[in-house]
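Take a look at these structures.
In what comes next, chain A is part of two complexes: it sits with chain B in the first one and with chain C in the second one.
Up next, the complex of A and B:
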């Protein structure tokens, strides 16, 4: 069902996020090699077909024994046991049980022989020929890894929606799962628009501008877990626009930037109409990025984001709207960038009405571990990519506020988690 | 065949057709730019965006989309047209565009409509407010405009000072009208020539 049949405008950032997420479908699943599944979202519940470890086994190189046999052993009055047999790591379970007064030489990972209830490290034992002397009583279970301590057969190990990190991949491998069902990655058609644009490998003569948005937006797609497909620059003609949009129609989502998006050419709407595109909203009360348009092709076709052409506006609107949508499509549960609260290094001023996103550095706050200071990265013009390239995050100035003063605390949306990275271990 | 793209329902668009122009020597609504009458150009842009389009006063060119709304009795002036538009609209907010602004774009008009709510929202290029390309909350604007009309204070600019108004300044306008062409005013034959050149360039 199409939840909207007329264009909305002037939405707040939060309203616009609700609208785009409500229309974003979750994609289907595909089977991939577990080794290639890093960062993907699990599309099947993984139930263990094995118990891990499959049997009680030794956590140490040492001697398996019965604790009861060592009753009364102390540093001064050791108790000797007869070393009856050896259990190598990787071998099969011992054929015989440990009799009273016996110990078994055992290695890390080797199965605990029946009758034994603890392992004493070889460093704590004194071997003398066929005997081993112990100068203390271990706790039952000491240095024994119990069967099923990691995973039991039939247990839900990883649920749908789990994001696969290195440990999860290892867990799947230990269960013998070399392939796994994951959510498909969204395919995103990236289009730039405007006769003034040239590709980066072309010299920008005659007032032309190098199109950088294809680079930034494609990279943002990859960071969001999506697969960008760059469709090139659409010239300012109806045929060029229709051609690009038709090509994009095979993707899950279309991101365009620049003039083609906003409808400032007479032919844009007729082309969109011809292709069956419904515009859902235009204009979000934010800066940068105010003239953003959002729509979709038919009921099941790709979602379409028309981002402003200014490089920073395009990036900031991508972060607020496209990224959460891509993450929802790919099955992620946490859709939004992390926020940190930071103390402002100087005053930030704005007019009331729109939410502002200010490019800031985040620096550790002196003498306050875990706290940060936010400082502007420089000019905030929506055309200046350099201050965006330097930014660790975007300081959020709420719509109703006109000023946040130095020393106040504000929320920063973290774009570059590198500021957490440390030059020293610190512990 | 595709479904219609979205149009706004809670805002109406109104073109003030006005009367003859002494400086241009013609009725500006009928001046053709790129072969299309000024009023028709504006009405077509409004019809792309709004479900309800009003053609207020004057004599609409044939083919201009929208419903005709007569001016209230009295000598034609923009303020009288504004009162008529505000009274005739069913939507809560009305975007009013004078016929001498034939190059307004959907992007500019949407920017005005999408601006944070106020009793009036107008562009202010170069610090000069444009009350005749502005969005008005119907009830307070109609009250204020009628009072001004009754007391003979006919300057449209004054209306903005009586309302809680918000403005799109140059930096805001640059986001949606980078060429600064959307608010070119047709007052003189030279303006017309400039508008023709801009339309030819955009084609």
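Up next, the complex of A and C:
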């Protein structure tokens, strides 16, 4: 008895992805310390209540002066000015305006005294007692940071949806914003299902295997910006499953793998339905990973993904469906893994009908900067986690194709987080 | 009095980077829970103490059988086998061997009974009471995962230096490794120097400005995989500076910005030397960011970077020197930011002598997949954090050049962590 026979089934990968994304809500906002907001998505427009810098100030340690006073100064015929006073950084406003023929000793960040219109760096000035000699004429405004150059009061500085990097956090701090509204991070309940599973601290016995999916899926959640809550292993009984699903019901999303997702155990559907879950589809035309269930608890309850139990199938289906959903929930705009075009190092063959995701190495193409060659990492069995651990990414073989030949180009979804880091500085 | 006049000074960016990397030690190892090791660098070779899977097992829910029994089975002339027993996943080994003419009901992960040589998926079988009919002949080994297919006992599974992603964590778990030796993460003491600075919870007054560098530099440390320890603002006095440097002495690296780094305040050098710091260089031929100090406390004490105080200068110099050092300390191999070649949207002009790092947007080049156009984000004043917050990266203008013209190509260091994420799934 197939428990899912009146659901949508056998969807293409693209259709299934559209369905899950259409049902994924964007989460509400929360207010966090700016110092803790790295990588979060801004949930408010940030309008400046300040002008930055608030006044014209010096970009250098040096001498503030009037350019007109230096008319005719050259290397050979320097002009001397009298150092009338000093403007320390972080002191009060300059005590007085600069008179003709005067210079003011000034430090980086200090306000420009009235009358001055440029700053000459100390390296370019010759100080001798109360005098300073200059051997050239600065441009008006040279080494002066103008009031409002960075931000004007009332201006929109950062908009909703911006991903907060280091510079944005510094900008918020400089506006006095020590807290900021950001999109909430999805909480994901992770359940592993199956009587065959043991936790990794138990040596496997009698056909048992270690439940590695809790490790892979929790880590994938973290990389997607979500918080995993691992609910442990659900035994293959209706009561155990119901108990675990209830424990996951306060999460934003439930990801189960194995047992729960598919097959003969026809208590899965009644348990999900008893708890109020509407199943949306079962089965996606892909390899690894056909048996995927997707559903939803009511209009506001968590989304539920039942992923296949094989370690690689669980990871690959997570990447295609769960990760983009989590990124959408957290307010990101670019939801998908980086894609690179790569030349195939050898033939790839498959049967028609399903889209294949093949674990590949990506190597730089000799003599072609920025281009790649894709090569299989070895056996593509969905049980072989090692060829997944080695892979830089997944080569996408379209459903209709039966062969891509060596030398053809294909699209690779890059999974390796460090893949784009450079081995050379570039200068 | 220049306090640094017998140091190396005026180094090129490349020279300065070589110097700091040559002095950066790789940190020792620590043992952490595998579940917490995401993104860390492996500090031990992992050799398997198990064979995975331990026995031949089924990749599918279906029927284990002997291929020879199905000889001649076709769509029109199916062959029926007797379902002799069931092998549940996670149960004990099969009760007995399969006799000719028999099939065993089997579930994913369950051990293949002796005598069977393939599994037919339940979708491809017709069950009728005690019989199951097949309309085709499987290949020997079909849907069977062989013992040792993933890992053989004694095999090197992951080597020192591997960056641990989700699949590697799952692989470790499946080997029973719940703890793992990884490279320690650098601790970085962050100090902001300057009498002009206030914390962001204080409204600026009398020429004071908010210390945003603690926010930007701490976030940059986190993105580099390091742990920032913010030591607050050091006032411009020898005692205040000494106090803060002592507080930072238990870190692996000290990053100061502003005040401490440069200039007229000639207590910087005596204080550093009093504390045992050897200064290595002062001043790098770059813009923004000339006034950089680099030193070291003894042979085993922390490295010290004195970065310029201007917000953008501090960030840009951190990226060129501190980040690669932190990544080397943590055991990474690819130390540098991603580089992309981009076509310039307009002319870029500069004076000769220093390497410039120009904040740019990177936009996809129309009609040229995977190529980019670089355009300035606006004013390049080193005080303007906003043009840094907007930037995808830094265009590198070589020291000797005075002009790069629109249409020429240049190298861009990509700083935006989400830059490579795709807006389309790729299928």
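By our rule, the second predicted complex is superposed on the first by the 415 of 427 C-alpha atoms of A that agree within 3 Å, B and C clash if a C-alpha of one lies under 4 Å from a C-alpha of the other, contacts with A are read in each partner's own complex, and residues count from 1 in each chain.
The rule we apply is simple: a contact is a pair of C-beta atoms (placed from the backbone, for glycine too) under 8 Å apart; a residue touches a chain by one contact, two chains touch by 3 or more.
It should be emphasised that the depicted structure is a prediction, and the values quoted were computed from it without experimental measurement.
Superimposing the complexes on chain A yields a three-chain arrangement in which chain B and chain C clash.
Of the two partner chains, chain C is the only one touched by A:413; chain B is not.
Of the two partner chains, neither chain B nor chain C is touched by A:33.
Of the two partner chains placed by superposition, chain B and chain C are both touched by A:382.
Of the two partner chains placed by the overlay, chain B and chain C both lie in contact with A:310. Once the two complexes are laid over each other on the shared chain, residue contacts for A:213 go to chain C alone; chain B is not touched. Counted by residues of chain A touched, the larger count belongs to C, out of chain B and chain C.
Chain A residues 262-264, 310, 382 lie at the interface with chain B in one structure and with chain C in the other. Residues of chain A that touch chain B in their complex: 4-11, 262-265, 269, 272-280, 282-285, 288, 290-291, 295, 298, 308, 310, 313, 352-354, 382, 399.
Across the complex, chain A is touched by residues 1-9, 11, 48-49, 51, 105-108, 110-111, 113-117, 166, 172, 175-176, 202 of chain B.
Residues of chain C that touch chain A in their complex: 13-14, 17, 34-35, 38-39, 50, 53-55, 57, 59, 61, 88-93, 107-111, 122, 145, 149-151, 157-158, 163, 165-178, 194-197, 200-201, 203-204, 206-220, 222-223, 258, 262-264, 309-311, 315, 320, 324, 332-341, 355, 369-370, 379, 381-386, 388-389, 391, 396, 398, 411, 413-418, 420-427.
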